[in-house]
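You will see chain A twice below: alongside chain B first, and alongside chain C after that.
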Partner chain A sequence: MNLLTYLPSLASGIATTLALTALSFAVGAVIALPVAMARSSRFRGLRLLAGGYIELVRGIPPIAWLFVLFFGLNQFQIRLNSFTAAVIGLGIISAGYIAEIYRAGFNAVPPGQREAASALSLSSRTTFGTVVAPQALITVLPLAIAYFIGLLKDSAVASVIGVQDITTIAVSLSKRSLDSLTIFLAAGAVYLLISIPVAILGSWIGDRVAQKWGARHAR
Partner chain B sequence: MASDDAHSAAADAETPTAAIRSIPEGAQIIEARDITVDFSGNQVLNGVSLAVSRGEVIAIIGPSGSGKSTFLRCFNLLQVPSSGHLTIGDTEVFSGSSSNIRSRDLLLLRRKVGMCFQSFNLFPHLTALENVVLAQVRALGRSKSDARTRGMQLLERVGLRDRADMKPAQLSGGQQQRVAIARALALDPEIMLFDEPTSALDPELGVEVLAVMRELADEGMTMIIVTHEMHFAEDVADRVVFMADGTIVEAGTPAQVIRNPVHARTRKFLSAVIDR
Partner chain C sequence: MPADTWVAWLGDLMPGLLLSLQLTGVLLVIGLPLGTLFAVGLKSPVRVIKYVTVAVVEVARGIPALVLLYIVYFGLPQVEISLDAFLSAALALGVSFAAYSSAAIRSGIDAVHPGQREAARALGLQRGDEFFRVVLPQAMKIVTPPLLGWAIIYFQATSLAFAIAVPELLSRAYTLATQNFQYFTILAMAAVVYAAISIPASLFANSLAHRRGRVGT
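Presenting the complex of A and B:
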């Protein structure tokens, strides 16, 4: 029983897992922005809509989303390959979570900052871009990085629709071997080996940003 | 102060300001009439009126919860009144219950009316100079280099030229408030609002802020100041307004209001403030 025996075969799944995670996260991070803004809009209808979206994506298991996208859409002659379906599915789900992270970031900016910006005749777009977003980033980054690492592991769910990620490869190796325990421990080790550098890189970026944008509160 | 105006890219932005500038010293520049503010059924201002002449310095005093800060925030519509009329220069910026104020008009109003806050509200991620430059570039359309030149002039004026590259967190409270004053002046406002500018400061640091404000008053800036600094109000203000329970109880020269108040409510407040 040697973990290292299986590492080379599992390694081929690393690129897929990383690509799946990065693309889903990117899709989610983009969709999340309008969702978060709608969530804190002064229009009740928009707030409800965004709140509904967030509850919907968080309340339904990811596996169900993937089945709907991969098998369900087939019924309507829409055929997605498994990787695309997984990126879209996990992207939609990530958007719900990342929207809440953005909102936490916006809320962490003291209301006096927006008031000062208004009093200085800054438009709401300028206020968002030059006053709110840079300060929100300090709150958002660590949360977003933690979410990214979570997503890296949760992306294993994509194996159910046949994406050739680390988990799928581990499953197919185990079918041809009597050493399942070692194979899955090796798979776990691979996830760990990717997560740790991401976490280190993430906290380094977080520190740099906190340093660049200075102390949070003027006082 | 107007020397940089020629560089302003937003030419149309200067029109209303120019209209105000033509108002002579002593003529009416602000008229607030029957302003009410209602926070979901809770009446904070009950029909308050105040007319201010160009160059005048008004000190608003009164106990907490009297509505004085709320009233102050009406002058740049940071607080939109529930009813009443507000005229700045020759523009009626709020009338009756016109809840739909165009955002363009709001932006124009706020170029004319600058404001400083009790908690300074400097942008913590920007240096002192960047704080002063930001709105010049983004609201007035000045070039970056013009804005920096003007910014350095203003920091010099508040005695902080050597702190230009520091972040707010590296400055004392008094220095932060002086940067905030420079930041507001950078838009060449015609009127300055101060919301308890020294209340968050140690007395020693408050002095440097008051000195800058005194200078500003001496140069003829129209100012409305909500304050608990009675000596400053007495020395610098042309008129003192005492507010309690959402109304103006008494207004007049500092000598009248602070030294010889007519109303019992004013006397009670002043004895609590002065004789402590």
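Presenting the complex of A and C:
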């Protein structure tokens, strides 16, 4: 039993897994902005709408989202390829989680900062761009990186609709061999191995940001 | 689309839902004791036990649950351990549940007031009794809300068992959809069924956590 035998073949799925994760995360990070803003809006209707979206995203399993998008939309003659369906599906889901991360970030900025900015009569755009957002980023980054690593693993569900990721390649390898245990253990090892550099890179970026913005805005 | 067709489809999905709930039950029966064991291992004063537990937990969390499922279902028969699809799913998801919930259980154990242990020792209870009859019951009460949260997540994760042909809710919906070609209607219906159980359950878990918070237990 040698895990290394299968690493080269599995490696061809790494690019797909990483691309899927990064694109879904990017889609989610963008959609999350209006969701997070609606969630802390003055208007009750908007708050409820955003809250409902977040609950729905949490209440339905990812694989069910992918099925609805990939198989379900066929009913209306809309055919998405499996990768696009997976990016949209995982993007919709991550938007809900990332919106909550943004909210945690903004809540972590002490209200005194906003008050000070308004006492200095900064415009609301300057207040957001130079006072609130940089401080929120210090809270947001570590949470976002942890979510990204979680998403990397969750992206394995895309194999069920045929995205050629690490898991799909492991499944097709195992069908042509009697060595399934080694193949799937190797696939698991690949996920672990790519999570580690992402985590290291993430904490490095987090430290840099904390150094750059944290010192200047020290309380 | 006539409403009675929808009701009939919903009825067809119910055996699948029942199986999803059964799978959730069995995975919890495996996962809760294992998670408690991991939690105790993480707190062990014996270094070897502690580091081995940390490694097992990190590996189980670092591998996608779907891959764990494949390791158990397709991999273990290679070493002469053959489980049927349902048990494979329960074991893989149970181990994954245990790994994720162990941190919550550990902080629950830490949250039990140290005076409770001291009192148990003063009464001359043995270490086993001290842990199982004094500390653990109180810890479990503290961790009920987060564990309920994990249970809801794993109820949804039972949909992964589709991949190894367990006829749970999503599999039934898929089969039904291929027979009627109403893919969107039926798959969305299954999604709504998951939400109809998960959302009220998580609202309940939240209210439980808040109530606890106020009483201060």
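Just so it is clear, the second predicted complex is superposed on the first by the 214 of 219 C-alpha atoms of A that agree within 3 Å, B and C clash if a C-alpha of one lies under 4 Å from a C-alpha of the other, contacts with A are read in each partner's own complex, and residues count from 1 in each chain.
As a working rule, a contact is a pair of C-beta atoms (placed from the backbone, for glycine too) under 8 Å apart; a residue touches a chain by one contact, two chains touch by 3 or more.
Here the structure is a predicted model, which is why all the values come from computation and not from measurement.
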Notebook entry, point to check: What is the contact status of A:2 with respect to chain B (first) and chain C (second): first, second, both, or neither?
Noted result: neither
Check: Regarding the shared-chain residue A:75, is it in contact with chain B (first), chain C (second), both, or neither?
Finding: second
Notebook entry, point to check: So, A:67: does it touch chain B (first), chain C (second), both, or neither?
Noted result: second
Item checked: Most chain A residues touched (candidates chain B, chain C) -> C
Next item on the list: Enumerate the contact residues on chain C facing chain A in the complex.
Entry: 59, 62-68, 70-71, 74-79, 156-157, 159-160, 162-163, 170, 173-174, 177, 181-185, 187-188, 190-191, 194-195, 198-199, 202
Checklist line | Sites on chain A touched by chain C in the complex | finding: 55-56, 58-61, 63-65, 67-68, 71-76, 153-157, 159-160, 167, 170-171, 174, 178-185, 187-188, 191-192, 195
Item checked: Of chain A, residues touching chain B in the complex -> 110, 112-113, 115-124, 126, 130-131, 134-135, 212-219
Notebook entry, point to check: What residues on chain B touch chain A, complex-wise?
Noted result: 76, 78, 103, 106-108, 110-111, 114-115, 117, 119-125, 134-135, 138-139, 167-169, 173, 176, 180, 183-184, 187, 200
